[in-house]
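This is the structure I want to talk about, given as structure tokens.
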Amino acid sequence: MSEKESIGTEQIEPLTEEETEYDFYFGPAHSGSGNFGVKLRVDGERVVSARADPGYLHRGFEKLMEYRVPMQNAVLSDRLCILEALNWNLVHAEAVDELTGVEVPKRARYIRVLMAELSRLQSHLIWYGVISLALGFDTGFKMAFGYRDYVLDIFEFITGGRVYPAGYICPGGVRRDLPEGYQEKIMNLLGQTQEMMEKIKDFSNIVFARRAKGVGVLKMEDALRLGATGPVLRACGMKTDVRKDDAYEIYDELDFDIPTEKEGDAYARCLIRDKEMEQSIRIVRQILDRMPEGKVREPEKITPPKRVKIPEGEVYVRNEIARGEAAIYMRSVGEGEPYRVKVRGPDFLHMIPVLEHLLQGSQIADVPAIYWSLNICPADMDR
Amino acid sequence: MSMVTTVGVLFKTLFSKPMTVRFPYEAIEIPEGYRGEHELDIDRCVSCNLCAEICPNKAIEMVEMPEEHKQKYPKTYPRIDLRKCCFCALCQDICPRRCLTMTKNVFLSTPDPSAVIKNPMPREGGQ
Amino acid sequence: MADAPHRENKVIDEISSKFKVEGKFQRERRIWVATDKESLIALCEFAKGLGFEHLSAISVTDWPGEGTFELTYHLWSYSERILLTIKTKIDRVNPVIDSVVPVWNGSAQIHEREMHELFGVEFEGNQDLAPLFLEDWGGPPPFRKDFDWRDYVREREYDKANERERVYWD
Amino acid sequence: MIVTSGAVLGATLGTIGLALFATFCGLLYKGFDRKIAAHMQSRVGPPVTQPFYDVSKLMIKDTVQPERALTWLYNAAPIISLASMITVLLYLPFGGLTFTPVLSGYGDLILLVYLLIIPALVMVAGGFASSSPFATVGAQRKMVTMMSYEFPLAVVAIAIAWKLNALYPGESVFSLAFIYSHPLWGNVGALGIIGLLLLFFSLVVVTPGQLATVPFDVCEASPELAEGVVTEYSGRNFALFYLADAVKTVAVGTLTIALFFPYDLSPLIGISGPAGYIIDFLFFLLKLFLVVILTITLPRAAMARLRISQVPTTYWGIVTGVAVLGLILIVIG
């Protein structure tokens, strides 16, 4: 016996009748939660109340960005949420462009939207993989990450890095031009992704649907009240998409439609993702047909950090990333570094108010299904 | 019934080639322009210190050459600490003479800590 | 949007008719309005009435020179498809302001809780201002401009023996 | 039944032999299961001998014991579970018809069904003893699963025994050696065949429940309960549970074969003597392989996990209904 005094059975006080509730930690050191924890107050199998416990991935991005030049911030911005690094690059690059008033060349804007949509595609594949893992459907998880790797091969080919594009979409355009032969590489990537989407349809068998239907139902007015955006809001029936309402880059020249569902439960959120993947493929096809020629970055050379100046001003840029509405408020007072950067990640609202609202009164067995149907990413919540 | 299609897909995949690659024996070819280990062409370096300034993690530091090369390379040259580097290639893009470039070598794990500090070496000395 | 500036100006006129604030039309779908601390809640309720029901973010900018905190409320209207940002300045020494939780209950509460933790702004009327990211954090609110995290960390963690850390500190 | 010294010696030798064979064969079949499941998911998967590496690694790791655990029960649970699993083997007919179960005369099907409960029960006790909230909820779920799959299992056993009694009145119908040597497929009518198929289907659905594999692995549902019942076990204790699970795979597979496919290959191709034994034994291993693939690998790759509330409804509702229907059809057929 260890020499420390160990608690024998007599010291464990028996639970009295009314005190049948106990705390149940879902995360952070847990195979189903990523680095984010939820403290559940549980009575048997039923969750009485949930309290989010964030902060495990808090790196203080907003403070870090105040000490770096925009080019360095671009490299930093893809770590805001590595599951869709290029989307976050785009949000940051647009904020700086709007402040500096640079006219981004046409070809760079097309490449930017091309990479953002490919990043949305692979982010949705991760989402499908992780929710099928949460429901215990192991094949879906393994295949989704297998097919996502094909998208990463394209990122490796174009940006030089598989997961970390290192600020590929940077203020002023993109860092490199597209290498030779990117067209047919992307075309056969779209073929492979379509192959995976057929498999997703084949795999939506009764057991998968039965686990997700009617689970974590979110009504429209609750979604609006709690600040849900993106697929979570569209699953409740609200037809809104920042790419259409607050069009940025070249989204107003592309035609794609906004899928919506009505029930607002975990299964509806899964259906939304499948339809959004089809739309993304449609967008990528249109871009490949109309890719213009020309420069890829406004100031060809990177200006040395000492001589960088951002004109005085403030700007609020909103983008539609895979998880919802991502926004950056950037304030500059004319120096090289931004004076204040406020990053608004969609998961900040999905993981604390929406998750706590949905987990109330659910079953323990449904917690991972609800949790991962919101496609949460602790990185852009903690920042 | 959808369960039949699921099982059908499984058996089709069972007899088709797996997607995974057995890494040490077969490997996916790394494309050009991959951001791997640095390579410094010391003769063309004018030690303008731009790479040290732009590096977001301060991984690059300008250092004197060791005694035996001092008279041939009097100026200061970039020394890269690979543990701090995030392989963003900003140093490669900003270098006016394009003498600090990134190779495709990403197999950098090494037990001995000193191998991670890449000191500037003359070409014929070799990395 | 054919009548681009017209829609935004219509909203600005409506707001400036009710409140003595000067609205600024920055670009398509962006309006900036600055107001004082007292009429903030009334303006927020009026804006929500106009259709700005999505509170996108609450941000605080620290101006140590002027001794003020500048709060910005970014509101998006799904129907009008315009982003209205309400800015207001509060004193920096004891930063107190009314909470907007009554106007947007749900999302406002968590934004204010974060700003309370990172800047130390007191939101009256928000019951749950518990620590969010930084559990048992002893120091001052970390995102203030006068909190120099480099000194804070240097005294505590900088060990002179480690040659690699020299680059950061001296 | 006087116990002669020869019988005791035979029994002990038989036990040791069977225990070694079943552990080796169980781990090998778990390796096949992982390999085939991997190829079904278009990936290469670990080598077939991976379970052996796992167990040997676990054996050398030291066991970490939670402070608030009930120490004696916590450590005894894995040992009892492996021991009881090995006793189950003694009543099972391995190999072809020629190999009667080691203790064939002393036990029968009913005893077997009850012996199969002990490992699960002991795992539940171990889960409660380790006093971690994950293990407690996992143990409650394991009990619910156990209660649910016992019902259809009992119906299947009774159906077969009843039919045998009808065909051969006066024989000891519950003894496995008897069941093993009198397959039912031959002498039941058309309706009987359908009845037997239904019974076979319900036994196939019960097997994942017993082995806690998907879709019934609610007791160690990793995303919810982080390994559930065995969360607090590590090192040798966990290795013993792992071995018990491997042996259970073999035991349940052999039970399915004994009840439904007790045929031999050697009489068909007319070789007798030692060569016939070997062929029968290999044919038995092949049958076991197919049963394991059908009952464990295929559902694991094709289905998602059920909610704990769905497990009793599935078993008591659908599976028992199918089993009872099978019973009725056999009675008529």
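First chain written, first letter: the chains are A, B, C and D, and each begins at residue 1.
The criterion applied here is as follows: contacts are C-beta pairs under 8 Å (C-beta built on N, C-alpha and C of every residue); 3 or more make two chains touch, one makes a residue touch a chain.
Here the structure is a predicted model, which is why all the values come from computation and not from measurement.
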- Find the chain most remote from subunit C, comparing centres computed as mean CA coordinates. D
- Task: Select, from A-D and B-C, the pair of chains that is joined by more C-beta pairs in contact.
- Result: A-D
- Query: When you take the mean of every protein CA atom shown, which chain's own CA mean is nearest to it?
  - Reply: A
- Cα-centroid distance, subunit A relative to subunit D, in whole angstrom: 44
- List the centre-to-centre spacing of subunit C and subunit D in whole Å, with centres computed as mean CA coordinates. 62
- Find the geometric centre of each of subunit B and subunit C from their Cα atoms only, then give the gap between the two centres in Å, rounded to an integer. 41
- Query: So what's the Cα centroid distance for subunit A and subunit C, whole Å?
  - Reply: 23
- Query: Residues of subunit D touching 2+ other chains?
  - Reply: 40-43, 301-303
- Message: Where in subunit B do residues touch at least two different other chains?
- Response: 3, 6, 10, 19-20
- Pairwise chain contacts, counting only pairs that touch as defined: A-B, A-C, A-D, B-C, B-D
- Note on the structure: Touching subunit A in the complex, subunit C uses residues 26, 29-30, 32, 53-57, 59, 61-62, 72, 74, 76, 78, 81, 83, 85, 104-107, 109-110, 114, 132-135, 142-143, 149
- Item | subunit A residues within the subunit B interface of the complex | 68-69, 71-72, 75-76, 139, 146-147, 149, 153, 156-157, 160-161, 164, 166-167, 175-176, 179, 199, 202-207, 301-302, 304-306
- Note on the structure: Per the touch rule above, subunit B residues touching subunit D in the complex are 3, 6-7, 10-11, 13-14, 16-20, 22
- Note on the structure: In the complex, the residues of subunit D that touch subunit A are 37, 40-43, 67-68, 70-71, 131, 133, 137, 214-215, 217-218, 221-227, 300-310
- Item | Residue ranges of subunit C touching subunit B (in the complex, touch as defined) | 164, 167-168
